[in-house]
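You will see chain A twice below: alongside chain B first, and alongside chain C after that.
After this line comes the complex of A and B, so read on.
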């Protein structure tokens, strides 16, 4: 999907591959040396573990990689033989099966010495990680961020989250037998902030018209912001990406050489087993995904000297927002990225995203005056997706957008 | 047993009628409490009638357009009832946010005249900070309710309500014990009715009736039971028709771990602390429930103990279809039951279930299997 950049310095694409591979390799080698490995949820506060020099791995990312490499089905079947329901999140099913058989088509992930979970994306994670901790008998560090049923988080929720950060540090000192190094912590926070900054900046360039960024690349680059936010490699990659995109904007080089006919927002996770199908089907119609909620997903701005500010950042994440705040967020994405239509992925795995679709779709469409479609899919269970339905729906969206143009 | 019959008749309540009667009698309203756990004591202290909202067998029409088909049937029913105006007789509705579905249900509420009071139970339950958080969260519930009714709910009233509720819990635990010993007198559906009626009555009245019922049971001679004895676990065991099938098959429910039944009465509100802290601490002390986070999963050994203590023959998991929290617990239950050689059956619960034939077939072959054990 990406074009080759001159071979003088590594391109952001090459850096992405290198660092992702490195994060798995480092963990495998570290584990062999007796170093600690932690499995964490995708928007958990990695800052503490990074400070402690713990290897971090991300089951959601790992499950996505397995699905993208077409290895999901056998894992899912194994999970079902363990007693998991076909209706549970397929990331969880893949990971819990992996935990049992420890083999897959993607990189292997050493088993964790402890886990870190933050439910700012869903409650399902709580049950999933509860099961990992129970089965492997490993400690669990939980950052429970209460759902923001009102527009802003309550002060007492912030207090509760901040107290859990402090408790997490104590737990980590106990697990590692080492004192928490506050100087190192500041450095890590700085790197994480810079990574977030460059991630948001690079992704934000899709707002340019035409967009220099092939939207589906967001799904690929995302792996790095998930897995390595606290490391310089992540920051450097997104800085590089931002430079590359800036250059394209200067040169007037669009992501689609044939020109972008439509700009759309994609709501939800990718369908990993069908990523290239989805991409081709949309590109054939001249549709570029310029808008998504991912740029904002890791925009974790906080004051490094204020633990409550950090608590506020971690609780104010997409799925943890009230319906009203999510509608505002999506409206803003459609407007900022000049999207002419929206595709909603009714993801069979993800109840927290799907169950608000009706209200969200109606209201975002009303506020932005853009058409939308919904397609049935699943981020990693290949059995829940129909190519024909997807093609018909995006075709339908193209027609609706065309009508509005004229 | 006419005395027992007359008590059971009093417990067979029509919820709508109950709300209307209560309003007429007291001039105060009723507040809906969406399953599973809400601080009902606060509502009770306001002199209102807390009504448990656990869905029901309704035809799903309006909800189809607003909620995907893979949401649990209890929330499908609740949403359908909301959209068709059935809850408009209520003064307000409380909704916990224990799972992804409940979070959405609270947010999707549309009845402008029936305010939605959503709140969150913390998962990191054992931390002192969780108690502080939940106490403030309950205080926030209280304040919003006070706003709706336009008068304060005093501490002393809540303290009294806590006492009423603790007493009710104790009486219900006693009933569960007595009913388990007398499956000849209390069949599965009747047992369920006794638990469910608590959601439509002021608890002091329910306590009085159930206490009387339990005393009658305790007086009756214990007769040997030759059918299978089971423990029911899950969110709920509805529709009633499945309980009729159990009766038909001569199955005794000797104890339960259902959210709608015994989990409601598992732990009392403790004595120490401010009123709100006491209510919050009850959640910290909760155990053995898929919605109360515990990486030790005490539910699993608890079920094994329940089997032993009640000399049950099997565990039947009444699996609410599309309920993530329950579905994630099942593999662990399965693993342990296999290890302990305890027969286990998982049956799917769908409140809208039209025919019980599939259920009957599964139950029947399970009972056959138990006979040959």
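After this line comes the complex of A and C, so read on.
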């Protein structure tokens, strides 16, 4: 594809589709050849598997794709009939159902030879992945990342995470029967760093006024930064996207040709089953989502010669940040992306996000003097969302923003 | 629409501007503009009771708390989650279970000696709780007072979420039930006023938006 990029110059959107499909196809074909497949949590370190030539697949991303293609409800009902509670994360329910039926409306994923779980984004993952490992009788590699109660990660936590990284390498050596190639590891880290750089740069272009980026595109593009951060295809796609957006800014081509009336920040995961509805309801009001915490989500900068630096990067992500650090981050997003209001998605599946909302939204509103709304929804369970209630709330937000203009 | 025009004694062409609000606001063929109920209740209350800073609007489908500034502008609002608990529909279900009508609920509440505990998290759970209370011989009046407390506690938590500021005013159909208003005062520990004709405050706000738009046009 790298050569094709030069010859045919596909758009970043075409590259996104191509590489996403390729990641699943490569895993399916690799598995058939006897190569190993790992299922991993979305911000688990990809560097180790990539170095070892292990195919990585991401159940969270897969569940989101199933939900976006309107296949979630039947999977969720299947999981519930297996005995999983409605209170469990809907990504987990979709994935555990998929594991049982191995068929879905999205790409198929081959079953894993081992799982890699890093609880830097949530604690449910631990039991979810233990469950996969137990049922499929495959090894589990777990990176336990303590929550940052203080503003900066503590040194003992970094030591603890770094030691687990080293142990994870040993576990992978044992699983694959191969020695870990540290030269290759450095190359992978370089690519992952470049992917993160171009991802952050492209997403950061939404700060332009008017934004060249329709904010909901962030939800589409993020699949690649989740699934292929250590591969050149990911880096090339975001480099291409950054070039396209730069060109749009130069030409004065906004994402909303009819005009960007309001700029908002969206906090929380997308409502995948209603992505199109949410987008249309907001666009009808002239509301573009220019701010989100996603650009920072995979901004994993670290020193390639220092495993402690890598540990610091993997503990300094979204949900693992202290309340104060999250308030600072969101305040910065509102200011950087010139947002006039904030939409908080009270996600039934993600309690660890929801529990901080009240303190966070009150403080971010106070610091930035912007109104906010909270709506009920779910990242992938379509039963936990009401279109009419969402529309009322976003219209209420638009009206509050309009009042403040006058 | 025809009925509304007939009752008002006017024809469609007499209306200089029409604003729609409520859950069906986008489906009306007649309207010039649509506003959310949040802005319309705020507009209506600011017109009727300019000292109001907190509105509790409990209607059939949802419950909301709205905070106003001293110009009557919406500062913040919070709404119930995807659940009927704390809404007028909850009261309808409970009235049916207790074989009474919505309009009789406040009379029953007046007769209560104590307030029975009724869950505020889920209409279905609360319904089975009420049936259990009835089976256990708990007086109907006490159960109804408990139902009112349940609604008040749900709506009260919305108020606390946005920050309680006096004067507190109730609008929406449920405000006609003195039992709920009394329970709300007990919940929030402040006096709660009831807007005149609380059920039409949203409609009044919509009419005021239409009126203001006309005034602006004429300038």
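Simple rule for what comes next: the second predicted complex is superposed on the first by the 398 of 406 C-alpha atoms of A that agree within 3 Å, B and C clash if a C-alpha of one lies under 4 Å from a C-alpha of the other, contacts with A are read in each partner's own complex, and residues count from 1 in each chain.
Here is the rule we go by: a contact is a pair of C-beta atoms (placed from the backbone, for glycine too) under 8 Å apart; a residue touches a chain by one contact, two chains touch by 3 or more.
Everything quoted here is computed from the prediction, not taken from an experiment.
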First, second, both or neither for A:84, with chain B first and chain C second: first
Chain B versus chain C as contact partner of A:183, first or second or both or neither: neither
Partner chain(s) touched by A:144 [first = chain B, second = chain C, both, neither]: first
Partner chain in contact with A:396 - chain B first, chain C second, else both or neither: second
Broader residue contact with chain A after superposition on the shared chain, chain B or chain C: B
Partner chain(s) touched by A:126 [first = chain B, second = chain C, both, neither]: first
First (chain B), second (chain C), both or neither touched by A:386: second
First (chain B), second (chain C), both or neither touched by A:371: second
Contacts of A:358 with chain B and chain C, given as first, second, both or neither: both
First (chain B), second (chain C), both or neither touched by A:157: first
On chain A, positions contacted by chain B and by chain C: 346, 358
In the complex with chain C, residue positions of chain A that touch it: 346, 358, 365, 371-374, 376, 384-386, 388-389, 391-393, 395-396, 399-400, 403
Footprint of chain A on chain B - complex, ascending: 65-68, 70-71, 97-101, 103-108, 118-120, 122-124, 127-130, 132-133, 136-137, 140, 290, 293-297, 319, 321-322, 324-325, 327-335
Complex contacts: residues of chain A adjacent to chain B: 82-85, 87-89, 92, 96, 119, 122-124, 126-128, 130-131, 133-135, 140, 142-144, 146-147, 149, 154, 156-157, 159-160, 163-164, 167, 322-323, 346, 348, 351-352, 354-359
Chain C - residues contacting chain A, complex: 23, 26, 34-39, 62, 73-79, 81-82, 161
